[in-house]
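Shared chain: subunit A. Partners: subunit B in the first complex, subunit C in the second.
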Partner chain A sequence: MHSTSGRYVGLLYLAPALAFVSAFTVYPFLQMIWMSLHNWSLISAKKYIGLGNFVKAWNDPQFWTSLGFTFRYTLYITPILMILGFLIALLTATNTPLRKFTRGVVFAPVVIGLGASSLLWYWLFSYDFGLINRSLIDLGIVSKPVLWFGADADVSLWAVIASIVWKVVGFGTILFVAAIQAIPGEINEATMVDGASYWQRVRRITLPLTAKTILLVTLVSAIGSLLAFDQFYIMTAGQPHNQTTTAVLLIYLNSFPYLKLGYGSALSLILAAIILTCTIFQIVLTRRSHG
Partner chain B sequence: MRLPRLKRSLVALAALVAAGVVPAMAEDLQMWERSGGNAGMVDALVAAWNEKNPDRKINLTYIPHTEMVPKIAQAIASGEVPDLMGMDLIYGPQFEAAGQLVDITDKVKDWPELKTAVQGHMAVSTYEGKLYGVPLYADVSALFYNKDLFRKAGLDPEKPPTNLAEIREYADKITALGGDVKGYFLAGSCAGCNIFTVAPLMWAAGATVEPEAANGEPLNGDGIKEVLQWARDMVKAGNVHEDARAETGETFHLRFGSGKIGMMGTGNFNITLAKEQNPEMDFGIALLPGLKTGEVSSFAGGDIVTIPMGSKRVDDAVDFMKFLLSDETQVEVYAKMLNMTTRGDMTENKYFAAEPKVQQVAKAIAVAETPYTLKFFELINSPQGPWLQMLQRAYYEGTDLDTIISEAKAQMKSIAAE
Partner chain C sequence: MNIQPQMARHGRERDVHHVEMRGVNKRFGEFTAIHDLDLSVGKGEFCALLGPSGCGKSTILRMIAGLEAVNSGSVFISGVNVTRMHPAKRHIAMVFQSYALYPHLTVRQNIAFSLSVAGASREVQAKRADEIAGLLQLGHLMDRKPAQLSGGQRQRVAIGRALVREPEVFLFDEPLSNLDAMLRVQMRIELAKLHKTLGATMIYVTHDQVEAMTLADRIVVLDRGVVAQVGAPLELYAKPANKFVASFIGAPTMNFLAITPTAYAGRAVTLAFDSASASASPGLTVQARNVPDASSPPTEIGIRPEHIAITNPSDRRAQISGTVQLVERLGNLTIVYLSTAAGQIVAEGSGELDVKVDENVGLVIDTARTHLFGTDGAAL
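The block that comes next holds the complex of A and B.
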């Protein structure tokens, strides 16, 4: 009797969270699966087409281009964010006023909206008026302004990567600093007594003891990059020749401006499945390496 | 029992509203309009209406330009529609075909004003013989040219080019002035800018761009290839600024006013802008020409005003449409602000007479066209669409033009057939 009522009480405590998740996650997800099986425009009647949208995605060259580009972006930016974030954390982990200030400066862009920062960088990279071209010319690095967007997909990609590294590297840095500061001082002191160099301590002590944080930051960075949208929507608009159209930008285009909600839903499901697979793979790999 | 002050105020207000003493906010007509269009013009039109109709004012809400279509679609799907909707005219057919707009044919059939309303706007407001909207404002494209640069290059500033070969010849001479000056401008990453200023060159040369029906033929006529070849040669000859390749439309309206461009296809809105931007610059306006002298065309853009299905104020909305087309509004609101009148018979007025440049650009209304397609965004306006992809390949690549056109054609057909 007591255990049954206890179960109900437990359920009651869970009810708000369950209701929230059901209403805002489970129901929309099921609705998205249902939509992906239809030719669905908001302004006209929907039509059931089975797996037609998935077949269409398979045969859509733009889908593969977008997926390939998104992976490339993720593969380039994730290591940069990890290594740079970790190095800055190593440099600023000790609590001195200057280091605290440096951490604050590095973290500041994280609180700016991604749309606002993308717009800022769009103008910094401007051909005529941008500070970056002006600086490169004044420093004698280039003789004429660089066309950052619209001409060469690789150049555009690196320009976006620079803007995003500035924007989000502080997030990883703060987490790494917290992890480094959580390492008991005695361990470092003991290794110093044993004669370990700074880099030996980083390799043998700091890295293994912050591994969980490294995994967390890697996952967050990789998932964030696979879902990249704002920066490309604002800075490149997918140009040139749709070569910088990310997977989410393609989903947005199909779902809203083109009003192909069914196809957009199918693409979203495919991307969700890919991200889930990558995440599981990454977690398993990390566990094995630590096992 | 004493009610707190706020509660007492609310109770009193509710009682007054119930008694009809205070008109409820719901009395206002709700109107949506896209941002990024001619907001100044729409604000003035709504202000003029509100002044004359204090009992049925319009409450105007701007929706971001890029969000307009999905926002309207969501509103329709959820039944939360405004009473009036200003929309980019090229989206009209899509919503009319979907049965989402109120048919106003019977309500307006006796209006004489409709006979002279801008043809492009009227065409896209009509679907299967039924009328669903009227012009809200009109933008037309034309060839703007910098007379100062013409003089410096030894060209006659009173003789603008009358065909594409002349544009090329003049552009070469202006570019030869050196410095940061170039003869012409082509927006490399802006689909909308190109349909506004490059498609008229093709139309003037007798070609068509969009497929009208699902099984229609897009990119028809030799004019397509000839204009693309001309544009490719212009870029190769260095007659276009290098950064034009990255022009997404963000700074398109500011280009001509920079004073560094000899000639450029742009719109009537650039008259005021260029004057504000560069008051010293002397410039002229001509019609966008085709391959031969005498061939001219223009794009009639702008917005139409429609009534979404579900609007509870259809009669008031129709009255607003009548107000827009009235002689007084045409002259005292549109013309006074030096905007195009939306009726061809109203271009002769005191305001235009005092501004020859507006008179000049107003001539474009008579030759202007507007694409009619149910999938304008996907086919033409999208940066990812086949129209811009074709132009970019033509401008900046060396691929055979026949191949580029046939691939764009195939893409357009596939989109239209979906």
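The block that comes next holds the complex of A and C.
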């Protein structure tokens, strides 16, 4: 049986972590809930309006446009990241010098800041000077430069997706490579002796045995996409007509340039609830895969 | 049910040698694992590849399976050159040391995996899996996953997965090494029965001489990538070709003592132990296998522990005396470690042998069962 003093010593060890989480997670979150119930422009006095900000969000067409666009972006980019990441992992999972080098090259953009990579791609997609327009014209794919940003929301979306795939595909690849390499060599050899073709082995052995990693990477990618901000802030600034304003960009615009702190907090809470739902969904799926 | 190995899928030129390796070399970088190997295994034979860790026995098995490329030489199965053939097309099945069961599939799905990838109908898969399960007493475990099975059950599933393919050759890579001692004995008996039932060609890799001796029709002893000797278990025991085989077969291991021959008479060699104070009186006379060549005389004598009897120091039959250093009582027999003027000796006696540590004893060597070795280690 533990003594009371022993219990306090345990608490003492936990105290730094508890203090950190309380100061930087719990307190701001509670403050956000409190702010979401107020109308507050930072320069005027706070005014309690109950669920007014949530009602406002419900009736705000821009909220639905932003949410829809964010979901669309997530739905498009997540499968691309997963499939491409897994294919690259399959190609590079064996440890040969060339494959290791390829893994390094694919992973390199992951360590670049998102802001820096977005600026890089902004210039690559430049109407007048961009390498992409120049290449497309030289290859005869288009006859005149494409206006990637500011004219067509769909074109902008795919341009941003291209830049983000380049930036983050290496993250999933590395996790997939680790999962594939964790499959014992004798299992792969047993499938060879059993007569399975390469794709049969991938479908019936590799994919099921890496399912947990696939679920994890899906969740991380999906949450990252639902929180997309930097790339759209830098590359599209929400244009044309706020059609490429993502949920987080909308929160930023309301909270800071427009100083609608209460409304921004309410939008943040709604997004947090959506992400929490995704997380619960992932946990349920993981438990099911354990069973 | 038909669990006989499938016959004659290919034209057969050499049925006598079901599996044959000719001049096979295998290198890993600068290291030569297998050097110019010639090996043949007859149809229906149970052949054990025996040797210490790193001797290349698993590499040989993997080259037969097609999981390891051959640097030079050829591998034949049923007379067909399979050296560059994919493992699935060689009509072999392999049981791995770690069992290599598919962890996400049930026992039934594991057993039927090869049928499933070959496109067999669900009915055929279920029927064959049930037949195999009946043979291996796995019926009640068919819906379990490998993690829910004991070591012995997993081993049976691995064998079942091999059986369902109806292979021409079964390859076993140390299949019992992960099991506890009792289960190993039980599985050994089951494997022997299975071989008798199927009559299939089996090649079995092990470092455990007891497994090799009890299961195999023929044992191939390997030493650093080279075949040290091939023969029936008792032949290897009674007539080891060299010191390596003599030391590897038999437990406790054979005693080796340095000697100098003093006289030859036909195959009979009279010798003295090299140790100055050794008192082999009037001199030990043993039989060599062949008439010795005086230019390459024997330099060592090998005596198995069970061929040394412990007696009173005053016993006239005793050729040498020693002091007991350690006594290991195993119940049915007693292992005695002795210090003698000729060197350290291990002797084996009955379970009731009456000896004590520090006691002086006489040793009677069965001179008809000794082995002589030359400087190169070859038996003479």
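Convention: the second predicted complex is superposed on the first by the 279 of 291 C-alpha atoms of A that agree within 3 Å, B and C clash if a C-alpha of one lies under 4 Å from a C-alpha of the other, contacts with A are read in each partner's own complex, and residues count from 1 in each chain.
By our rule, a residue touches a chain if its C-beta (ideal position, glycine included) is under 8 Å from a C-beta of that chain, and two chains touch if they have at least 3 such contacts.
Note that the structure is predicted; figures quoted are calculated from it, not measured.
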Aligned on subunit A, subunit B and subunit C: do they clash or fit?
fit
On the A-aligned overlay, A:I223 touches which partner chain: subunit B = first, subunit C = second, or both, or neither?
neither
In the overlay, answer first, second, both or neither for which of subunit B and subunit C A:A196 touches.
second
Does the superposition put A:N242 against subunit B (first), subunit C (second), both, or neither?
first
Angle at the Cα centre of subunit A, taken between the Cα centres of subunit B and subunit C once the superposition is applied, in steps of 10 degrees
150
Comparing the two partners subunit B and subunit C, which touches a greater set of residues in subunit A
B
Which partner does A:A162 contact after superposing on A: first (subunit B), second (subunit C), both, neither?
neither
Which partner does A:I275 contact after superposing on A: first (subunit B), second (subunit C), both, neither?
neither
Using the touch definition from the top, say if A:I132 reaches subunit B (first), subunit C (second), both or neither.
neither
Looking at the overlay, what does A:I80 touch: subunit B (first), subunit C (second), both, or neither?
neither
After the superposition on A, what does A:L147 contact: first (subunit B), second (subunit C), both or neither?
first
Across all Cα pairs of subunit B and subunit C, what is the smallest distance in the superposition, given in whole Å?
52
Residues on subunit A touched by both subunit B and subunit C none
Where on subunit A does subunit C make contact in their complex?
184, 186-187, 189-197, 200, 204-205, 208-209
Write out the stretch or stretches of subunit C touching subunit A in their complex.
65-67, 86-88, 92-94, 96-98, 100-104, 113-114, 117-118, 161, 165
Provide the residue numbers of subunit B that touch subunit A in the complex, in ascending order.
66-67, 69-70, 72-74, 76-77, 94-95, 98-100, 188-189, 242-243, 245-248, 375, 377-378, 382-384, 389, 392-393, 396
Spell out the residues on subunit A that touch subunit B in their complex, using ranges where they run on.
41-44, 62, 127-128, 145, 147-151, 237-242, 245, 250, 253, 255-259
